[in-house]
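In the two complexes that follow, chain A is the common piece, with chain B as its partner first and chain C second.
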Partner chain A sequence: MLKLIKEVLKVGEATLPYPFEPIEQMPGFRGKPHHDPERCIACAACAIACPPNALTITTDFDRGFQTWSLFMGRCIYCGRCEEVCPTGAITLSPDFELAVMNKQDLYERADYKLVSCQICGLYFAPLKEIEYVFELLRQKDMPEEALAGMRSRLETCPECRRKNDVPKVVNLYREEV
Partner chain B sequence: MTVLTEEKPKVGKKYIEALRARFGASILDESWQAPDQVTVTVPLNSLPEVVENLYYEQGGWLATVVANDERPLNAQFAIYYVLSVEGTTGPSGDEEKVYVAVRAQIPPHQPEFPSVTPKVPAAIWYEREVRDMFGLQPVGLPDERRLVLPDDWPDQLYPLRKDTMDYRYRPEPTTEDETYEFINVEGEGIVQVPLGPLHMTSDEPGHFRLYVDGEYIVDADYRLFYVHRGMEKLAESRLNYDQVTFLADRICGICGYAHNVAYSTSIERALGIEVPARAQFIRTILLEVERLHSHLLNLGLACHFVGFDTGFMQFFRIREKAMKMAELLTGSRKTYGVNLIGGVRRDILKEQRTTTLQLLKELRDDAGRLVAMFLETPNIVQRTQNIGRLETQVARDYSPVGPTLRGSGFARDIRTIHPYCAYDRVPWTVIAKDGCDILARTLIRAEEFFESVSMVERCLEEMPEGPVLTEGFTYKPYQFALGYVEAPRGEDIHWSMLGDNQKIYRWKCRASSYNNWPSLRYMLRGNTISDAPLIVASIDPCYSCTERVTVVDIRKKKATIVPYKEMERYCIERKDSPLK
Partner chain C sequence: MFGDFRNDQMVKEHSKYAIQVDEQAGQLKAALLKDIQRSIFVYRVDCGGCNGCEIEIFAALTPLFDVERFGIKVVSSPRHADVLVYTGSMTRSMRVPALRAYHAAPDPKICVAYGACGCSGGIFHDLYCVWGGADKFIPVDVYIPGCPPTPAATIYGFAMALGILGQKMKATHHIQGEEERALPCHPRVPVELRVDIERESRRMAGYLYGKQIAEKFLDSFESDPKHVKRTIQSYLDQQDDPRLTEIMTRLLQVHQTHQGEE
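Let's look at the complex of A and B:
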């Protein structure tokens, strides 16, 4: 009993004054994901990886934009989005105080323009994603003339590209034969 | 990627040979999923005898029972009785140990199978669950009540059949009332005491009914699964393999990581993926960190239930260090979420290592002082010795797991019996006691705590360099295997079969408490009602607190409702019985 009293006196007060004082997290704590809309290319890698469907991508093909949205009510702070993001647009912050008065405040969204196909004119991919790929190719030292051709290839939707390419491949084959 | 099955020799062939010698042509097929995992197919009518032979003749323990709707594959249902066959059930068996799954096919036009429960009592819950979820009738099962499905669930709707329902479908309740029939114990002076359905000790709801004669419990019955979340169906329907790891983390609020590792290893074994050694060590460290906080929590609760609340506060104070350790190593206090199929996502860096070692040192000192004080408190031994006895034979019959089993004299710990992760690479001792009572179970937790501290230290020191994640493998459809982890409360067993659409085909996860519940009834018998909360807490169950207690006097046909707080107070103070 004396030992216990000694222990209790030695420890003193263990309870922290939180929330009246901030509480410290360990480094590397996984809190609310922070989204940088400038860096994001709307590639949807995060939405595919997200286990609880907190991150979703919806596409409006008629009006030509793609919406990235995060619903904090579903987020489990696993950080898969951070891990799969090719541009580092999502990072997990140490922020864990997420109570809101209004459910709508738990939603975060960003809209991205889509590119329309040079041939059929239908919207098919986010502009920023295409620019990102183009930039990657430029940095791989692709020659200027090849780059120009690549640009128009990138701005063609997969469907039209297939329609274009199949006859070309067939012709190549015929020439060889 | 290497295929393990071709490299390592198979262990435990002799058990299968013994089966062949005994049952001859009844062993239709034998297939090995891993060096220590084999599935034998038998005809439906010899299922009970084969399982009984493995269980009682060859030293088997029932690990799990899996039903699987294999109609899309081979037009049959299948049922797998998975046993850990260990040759001897003595305290220190050196014999080969192997997981044997006894598989039988069930034709869809006659969905029934002979019940194994009359021969092996441990199968009782599993067979009730199989009937609920798959509509396969265990013929001869002594208990015909539902187990998992709620009373208001429609008949003929079997959620885990592949063609039954979408995972989002919620059928209309068929009844307004609870129709569950508790067992009926009648006799001179016997009174029923229902506890529940909400909150008994800690987290989840469960409905208990105690049959008491005066102050003494004659029998007990319970209804659980009020919080069945349909995770297996969800995983099979919506998530891909990596995403399921995060769901597995959420099976349990305490041993989530153990489930996570069990799931991941089941997939890795099914595919023969070799997890890098460093990842194995990291998993071991995190599993033991989880055990640290879990055992401290249970020790704290043990203090609380005997009325030693200062001890409770002190154990929870030092438990905070274990929580901080988890936060430092994984980024989260609970739901660590660091596993992927093939390894882990987060390495342990030098700085984290130093801080963890420091925290471990503090924890060892703090816990050492507290445990000594705990045992010196006169109340503790008096309240726990010879209370809530789990007799050796009952333990043998019902396959309980973890400290519950080890407290009844069986030195059975999956970490040594079927070593996984890095448990065969660091030295440690299995703790077992033969007191069969609450005291034994509590002491085991206390001693295991210090083993875990040393184990984490050793792992941090001896962790090899290298990658932490194996990537670039392909998923092969319909491979299956078992994953197992000794969670703080006992083994968590996961059985997974891969599918052909980047989704798991069948995922059966069995939490440790599932095996402990059926034997609880025997622990409660003969004890006083004021010990009931303490006994329930001593198996460290994954379920929860009772807000109120209903007392039914059979002779007077009168029901009295006592708030749970009152019940808990009675357990702590032991005076002014609420029954009087």
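Let's look at the complex of A and C:
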């Protein structure tokens, strides 16, 4: 008996004190995806990458809104969203205390405005995404007048752009002939 | 996004069998949820998961996490249980056993949806035989998401069900502000160099680690573009990781070719 007690004292306590003290997480632990809504450009890359469709993007063309939504109850914490995010808006935090009493608390949503086309006036792309592309072009040292031209081009929907471009191309071809 | 409509008709038809908690049982349950003064017995119902959740539940029973110190004990019959833990997505063929387990447990009982599949169907949510999470039929009190939830998350979920700890998660809804803009990362790095660094790093280390390594490289480039090599070298000496050294050396080469072009 004494021998056993000695042995036990030597080994010490293996049980972790959690939940009375915080638990130490290993580096690289993938917990709750943290979404920084200010940095998000609503490009939907994460929604396409998400294997269980926990991340979804719904577009309301009438009101001109794009809603990013994450349902934590379906998330499998694979980190694909973090991998594909071009602006680093999503990172997997070490936060694991996600249990809830009410299912609605598992939802995270963010609304982003859409841009309406300069020609047809229909909503077609998120404003922040267009701004992001514009900033990228500026970073590539595009001259200011070219940027201004690009602005109207970026704010035209693909359909109208196609309609606009075809006559130009035809004219070019005629001039050459 | 996709599969939710596939079984809608069938699920709708069966949803009328979804259990409604009657008033008396509801009151008892509320009292039970409010202050449980005794040990609780847990029965697991696996409705068709991958057994990852089971492994984590048993990991929570090991001496390292030891849920039995809170009086939580896994029992082998729903007739002994206070808490029913539903793991796995609700499959067509397991719906009846799941309901039988629910009815076999004495009132008041707490139902826990465990894991991503138990909460919502998880990654299997759009399978032909999956009808969603446990809450399609069973009145769920606590949702423990995770794929699978770690033993610590399991303990947290149970502690929440027992009223020891409070809920941390809150539903959030952000609405884009007037002047809200997202700028590209690393504005002081030339775009071509940034793209090449990121691409090479991804090629060598994969998406996740590649991104982290490229981030590290670009950060040191931004803080001091002239002495990137030196900063990186001291970082590598600190880390002492041959794989990282290999990748960083390659990134430095990419950086050098860009300098040569200029």
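Convention: the second predicted complex is superposed on the first by the 167 of 177 C-alpha atoms of A that agree within 3 Å, B and C clash if a C-alpha of one lies under 4 Å from a C-alpha of the other, contacts with A are read in each partner's own complex, and residues count from 1 in each chain.
Following the convention adopted for this analysis, a contact is a pair of C-beta atoms (placed from the backbone, for glycine too) under 8 Å apart; a residue touches a chain by one contact, two chains touch by 3 or more.
This is a predicted model, so every value here is computed, not measured.
Q: State whether A:Glu7 touches chain B only (first), chain C only (second), both chains, or neither.
A: first
Q: State whether A:Asn171 touches chain B only (first), chain C only (second), both chains, or neither.
A: neither
Q: Touching A:Pro51 in the superposition: chain B (first), chain C (second), both, neither?
A: A:Pro51 contacts both chain B and chain C.
Q: Identify the partner contact of A:Glu82: answer first if only chain B is touched, second if only chain C is, both if each is, neither if none is.
A: second
Q: Check whether chain B or chain C contacts more residues of chain A in the superposed model.
A: For chain A, the partner with the higher number of touched residues is C.
Q: So in the superposed three-chain picture, is A:Leu98 touching just chain B, just chain C, both, or none of them (first/second/both/neither)?
A: Touch partner of A:Leu98: chain C, not chain B.
Q: Taking the superposition as given, does A:Arg39 touch the first partner, chain B, the second, chain C, both, or neither?
A: second
Q: In the overlay, answer first, second, both or neither for which of chain B and chain C A:Pro27 touches.
A: It touches chain B, and chain C stays clear.
Q: Between chain B (first) and chain C (second), which does A:Ser152 come into contact with in this model arrangement: first, second, both, or neither?
A: Neither chain B nor chain C is touched by A:Ser152.
Q: Name the residues of chain A shared by its contacts with chain B and its contacts with chain C.
A: The answer is residues 14, 51-52, 76-77, 79-80, 83 of chain A.
Q: Contact residues on chain B for chain A in the complex?
A: Against chain A, chain B makes touches at 239, 242-243, 246-247, 250, 310-311, 314, 317, 320, 324, 327-328, 331-332, 335, 337, 345-346, 352, 369-370, 372-373, 376.
Q: For a test of understanding, state which residues of chain A touch chain B in their complex under the given definition.
A: Those in contact with chain B are residues 3-4, 7-8, 11, 14, 25-30, 49, 51-52, 76-80, 83, 92.
Q: Using the touch definition up top, name the residues of chain C that touch chain A in the complex.
A: 1-2, 63-66, 69, 113, 116, 119-123, 125-126, 133, 135, 140-147, 149-150, 152-153, 155-157, 159-161, 164-165, 167-176, 180-185, 187, 191, 207-208, 211, 215
Q: Which of the residues in chain A end up touching chain C in this complex?
A: Touch list, chain A to chain C: 14-16, 18-19, 23, 37-41, 47, 51-54, 56, 71-77, 79-80, 82-84, 87-89, 96-101, 103-113, 127-128, 131-132, 135-136, 139-140.
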